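First chain written, first letter: the chains are A, B, C and D, and each begins at residue 1.
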Amino acid sequence: MIKAGIIGSTGYAGAEIVRLLLQHPQAEIVWYGSRSYIDQKYADVYRNMFDLVDERCLGEDMDELAKKADVIFTATPQGLCASLVNEKILQDTKIVDLSADFRIKRVDVYEKWYKRTHEAAQFIPEAVYGLCEINRESISKARLVANPGCYTTTSILTLYPLVADGLIDPDTIIIDAKSGTSGAGRGTKLPNLYCEVNESIKPYGVASHRHTPEIEEQLSYAAGLDYQGGQSILISFTPHLVPMNRGILATCYAKLKDGVTADQISASYENRYKDEYFIRLLGAGNFPETRWVEGSNFVDIGWTVDERTGRLIACGALDNLVKGAAGQAVQNMNILFGLEENTGLKLVPVFP
Amino acid sequence: MIKAGIIGSTGYAGAEIVRLLLQHPQAEIVWYGSRSYIDQKYADVYRNMFDLVDERCLGEDMDELAKKADVIFTATPQGLCASLVNEKILQDTKIVDLSADFRIKRVDVYEKWYKRTHEAAQFIPEAVYGLCEINRESISKARLVANPGCYTTTSILTLYPLVADGLIDPDTIIIDAKSGTSGAGRGTKLPNLYCEVNESIKPYGVASHRHTPEIEEQLSYAAGLDYQGGQSILISFTPHLVPMNRGILATCYAKLKDGVTADQISASYENRYKDEYFIRLLGAGNFPETRWVEGSNFVDIGWTVDERTGRLIACGALDNLVKGAAGQAVQNMNILFGLEENTGLKLVPVFP
Amino acid sequence: MIKAGIIGSTGYAGAEIVRLLLQHPQAEIVWYGSRSYIDQKYADVYRNMFDLVDERCLGEDMDELAKKADVIFTATPQGLCASLVNEKILQDTKIVDLSADFRIKRVDVYEKWYKRTHEAAQFIPEAVYGLCEINRESISKARLVANPGCYTTTSILTLYPLVADGLIDPDTIIIDAKSGTSGAGRGTKLPNLYCEVNESIKPYGVASHRHTPEIEEQLSYAAGLDYQGGQSILISFTPHLVPMNRGILATCYAKLKDGVTADQISASYENRYKDEYFIRLLGAGNFPETRWVEGSNFVDIGWTVDERTGRLIACGALDNLVKGAAGQAVQNMNILFGLEENTGLKLVPVFP
Amino acid sequence: MIKAGIIGSTGYAGAEIVRLLLQHPQAEIVWYGSRSYIDQKYADVYRNMFDLVDERCLGEDMDELAKKADVIFTATPQGLCASLVNEKILQDTKIVDLSADFRIKRVDVYEKWYKRTHEAAQFIPEAVYGLCEINRESISKARLVANPGCYTTTSILTLYPLVADGLIDPDTIIIDAKSGTSGAGRGTKLPNLYCEVNESIKPYGVASHRHTPEIEEQLSYAAGLDYQGGQSILISFTPHLVPMNRGILATCYAKLKDGVTADQISASYENRYKDEYFIRLLGAGNFPETRWVEGSNFVDIGWTVDERTGRLIACGALDNLVKGAAGQAVQNMNILFGLEENTGLKLVPVFP
């Protein structure tokens, strides 16, 4: 059994890791970390865990935890993982970090978008961007995995094959994304209140959301650009808040390169993804809906070519807490420990 | 592997049986029955099943199905199971009927509340009321199991120990129940439209809902009454429609018998349910919320004694599609085939 | 023009007073009080008021305000109005208090349920309970009006005629109430978050909610009891939180007195309410739904007699922010100043 | 008093016209038309109208109606108005048609997108596109007003000034729009069911939605193109269904023309809209949310210039049933009859 510790186990993403690991046949949780609820029973914080989890919440002593755990999930605010990690810990255990600390290879880009000094930049080079379908080879050898963001997983997986195959013009990419409210976390802030979110939709972080550079970096790799040398695709990314608990939908637009056909688009997706368990290609003319992936680790992708405008419109949908956070983190754990990637993750989407 | 056929697999309850059996280690689905979608791909009707179910929908030829299946689930409107069942079928296979056809032992009561003639009354005596925690012994020997309704499972399990132990006055029982909208089914009726349900709560079937006699019958047994001889508890039962997909909450009121203490209430629950995997006793002063059981087969029960009024207030909560329908049906299947009752049903509630 | 000041104008009830007064032909707002947002533009706190309200928020200097305003609405937490009111203020202006400070005539009852010492008990005797349809005569002469709570308005109006006419047994009254989430206020607390409320229903304050004694007091008056002398009806009252913004539904149960008929029930309602603009009697066998009153000052009432159990089931529904708070407050203002009661309040319910 | 008849008064848009006219000081409803509910009480179809509307539903005899009414609103499916209108009717009364029949000047475009033959093409030339803020001069002299669609009102008003002033490249316009579910109408179709819409977001009509040519036509006029001569802007338009009752948000993207500054964008909006009562300019860097306009006739517009990508991102929000349908229809009526445009429409947005 893989011994897993979770730092930040009482946020929504952390709690979803708990849910997934409780149903995982080869892992057990040895540490329910939570700065806010130390010594309280975990099942009192999340009453769905009544009778299922007896443990109490512990602090964030990562040195201590590193000795007990084979893998540590850090589902914490930006900066925390960077402030705690050190060489000793990485020798003792593996880390899957759900924050953005190690996702971006260029420190200057990180520090500009996140408005903070990086406290452990020395580990950035070895960190592997944990987008399993793209980087599983490197992930399998990593000590430190930077688990991707929810918007970014949706956006990158939706566009990666087309950029890699040179079918769309990367300078015309616009991603209009919509997220359920659990993506905003469990913080007690006014904009997260029921009556503020319900019966409304709003854009936020327009032209300034932090997931933008993460998408740009990965798509730049797809395009073969020297990102670390300063080359980069620039995209427009606009997130919106939707009155629902879970789900992300990314509606992506780009100009097709001259002469590119709908069949080439379909072939590109098929070539890249046809053997991927967690990616479901709906086919041209079909579009995903977040309800069809809820509770599961699937990403559904659909697309069409608009002959009138010469644009591709492609949509990806996933459950932000599963494939967009905890599910991908467990998938990364499976890769790190040589298990079948879908171990414990063959969850049938829950509908309605 | 148990071979299972589902008649009515494209309703919400039927689809939930599909979801549960796909994750069940010892069962497989051999028949996706659906009168409305014959020959259509099941995954086109429920796109969450894309890539997971390749089969097409079949009709409701129960004779044919009986030869192929070890168990048949009938998740169909009232009357259908009664119109199809016969001795030959019951010799070939077992039936778990999710309709009300065989739930009520008195034909006159059934025909009065359901306003229809019973077409197979000869099978009523042998049918077993499939409330697992109460009747598992009889269920294990049955050929025909009448799976309880969603409101009734919640209500009966919440009050059964107290009635059986004579702690409350059965003539004072009032059950005010609230249900998510999936309980209304997938029929395309005006009252089921999004804009008609959203942002509203309403009572319906006041003093006339069909689940009333089912609750009365089972609680009469608990009270030791000769129900079939004409004795019966009479209760008030008021269902309400709540703008949410899943969940039932039953708020139950009754006068305590003279001198009954809160400790006796707690002891009654503990004695009856302490070893039940699917019943979670929250303890006196704690109350269930439907979000904590969503997606799982759990029933959460909490209660308090109101000294001012001499009343017990007890609440039960469950997921109407799982313990209130498909989950209990699979639990019944497990009992029928001698499996551990929670096989394939150790689902951790999904939150948020 | 009536000059109105609002203390607590940035809570949901306060903001609804703003909405109503902006559309009131004979009132204007001269003071947007808000402890939390002093000096901020009101329209920055409530962006629906963009271009409609230019004023900034002011503090809670009630002495100053009393000189400027003909009427002060205090839409504030319990205790604030009591801590600020004094004889001088009441000589200068009229007060409609939306908190519970002056609703209960017995200080001991108030202090027990609200767990606080009353700071201005000397004004309790003169305060008038502002349930307009019952007390309009006294309200018209009052200086200090105690605006009723949302649950209590619904519950009392639904049961008042039947208790007053002696048709039901007051000792058997059970009120199972359901409220939209705006009733919980705009405080940034975990239980108010979108993901905590959405897709769930829960009871709260079981056998202990503070609106209980308020309902008991008013229904005791209806029953002709000497409440201040110690006599009182005792009821069971259970509120539930519903995932919707607005609306309260109270489902009320009581044993009919011997021989009482459905016609007597209907006649009782008609006699009391037939000329009330804001009370809509749906007739026997019809039940209210909160969607049909949203945004308006109406109370819809429906009922049935359950012959089987000898019980009355009656339901009332209203918009908790309008008739349950701000609308009734404005209705009280209209009475205080001799206007037609429905001035500025002839709002057509908004659906969907 | 203006006498108004409504054909299609029992759809959501028709019912909203009823709500608005009941509160309009200078109009009265003389005809509640509804093919589906002939002879039924209107208040039985919409119970919010209980006690407010006594009339019964009538058929769609437009000749008869034309004699009684000063204005007819046709809130009906495509094709109905075109099939009923004739010269005699237009001599007797004015028509505000909420369907698409007379919105598009080119019959070939209409017939291609709507897949039907136009039955009254002879009236297309005289019909005026009823986007009040743009065409009020022509509207005031019209007999037949084609009330714009909900998506189109939002989209066109958001982009019109910038296209007219030549600040953005029209060939790069992408409109990603999100709508509440009332926009789908009250038809009893599976995709409109509560459980199908709730907890999900989906795109639909991708690259094929009928509002596309309507937006293109009006923006082509803004750009000074000879639309009827065959010139046209081509845009990408993608609508999405959001789990909420009301509201439309249009997120619009376009490349800025060389050298265009943020100040020029702001000035363009101000010049065009600063005196418009119903358009609220939130200013650069601020974005609308549908909750702030709910129940009102306002359009909120916000924008930013993304220096990184050289794109403008502008968002418009409105209530699809008010400014997107019934409110604009009443605004058109006000113009047709020489009233102040905001008569009966100074509705304060309802929040929460």
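Methods note: contacts are C-beta pairs under 8 Å (C-beta built on N, C-alpha and C of every residue); 3 or more make two chains touch, one makes a residue touch a chain.
Keep in mind that this is a model prediction, so the values were computed, not measured.
Two chain pairs, A-D and A-B, are weighed by contacting C-beta pairs, with A-D ahead. Greatest Cα centroid separation from subunit D: this falls to B. For the touching copies subunit C and subunit D, the fraction of interface residue numbers used by both exceeds half; the interface is of the same-residue type.
Centres computed as Cα averages put subunit B at a distance of 46 Å from subunit D.
Subunit A and subunit B have Cα centroids lying 38 Å from one another.
Once the centre of each chain is set as its mean CA position, subunit A and subunit D turn out to be 39 Å apart. Touching of two or more other chains is recorded for residues 12, 182, 195-196, 198-199, 243-246, 289, 291, 294, 352 of subunit D. Interface residues of subunit D, counted against subunit B in their complex, comprise 12, 181-182, 186, 188-190, 192-199, 243-245. Every residue of subunit C that touches subunit B in the complex is listed here, in rising order: 174, 176, 178, 180, 195-196, 198-204, 206-207, 234-236, 238, 240, 242-247, 249, 251, 253, 287-291, 294, 304, 306, 308-309, 311, 313, 315, 352.
Of all residues in subunit B, those touching subunit A in their complex are 12, 15, 19, 22-23, 46-52, 182, 199, 245-246, 280, 282, 289, 291-296, 298, 300, 346-352.
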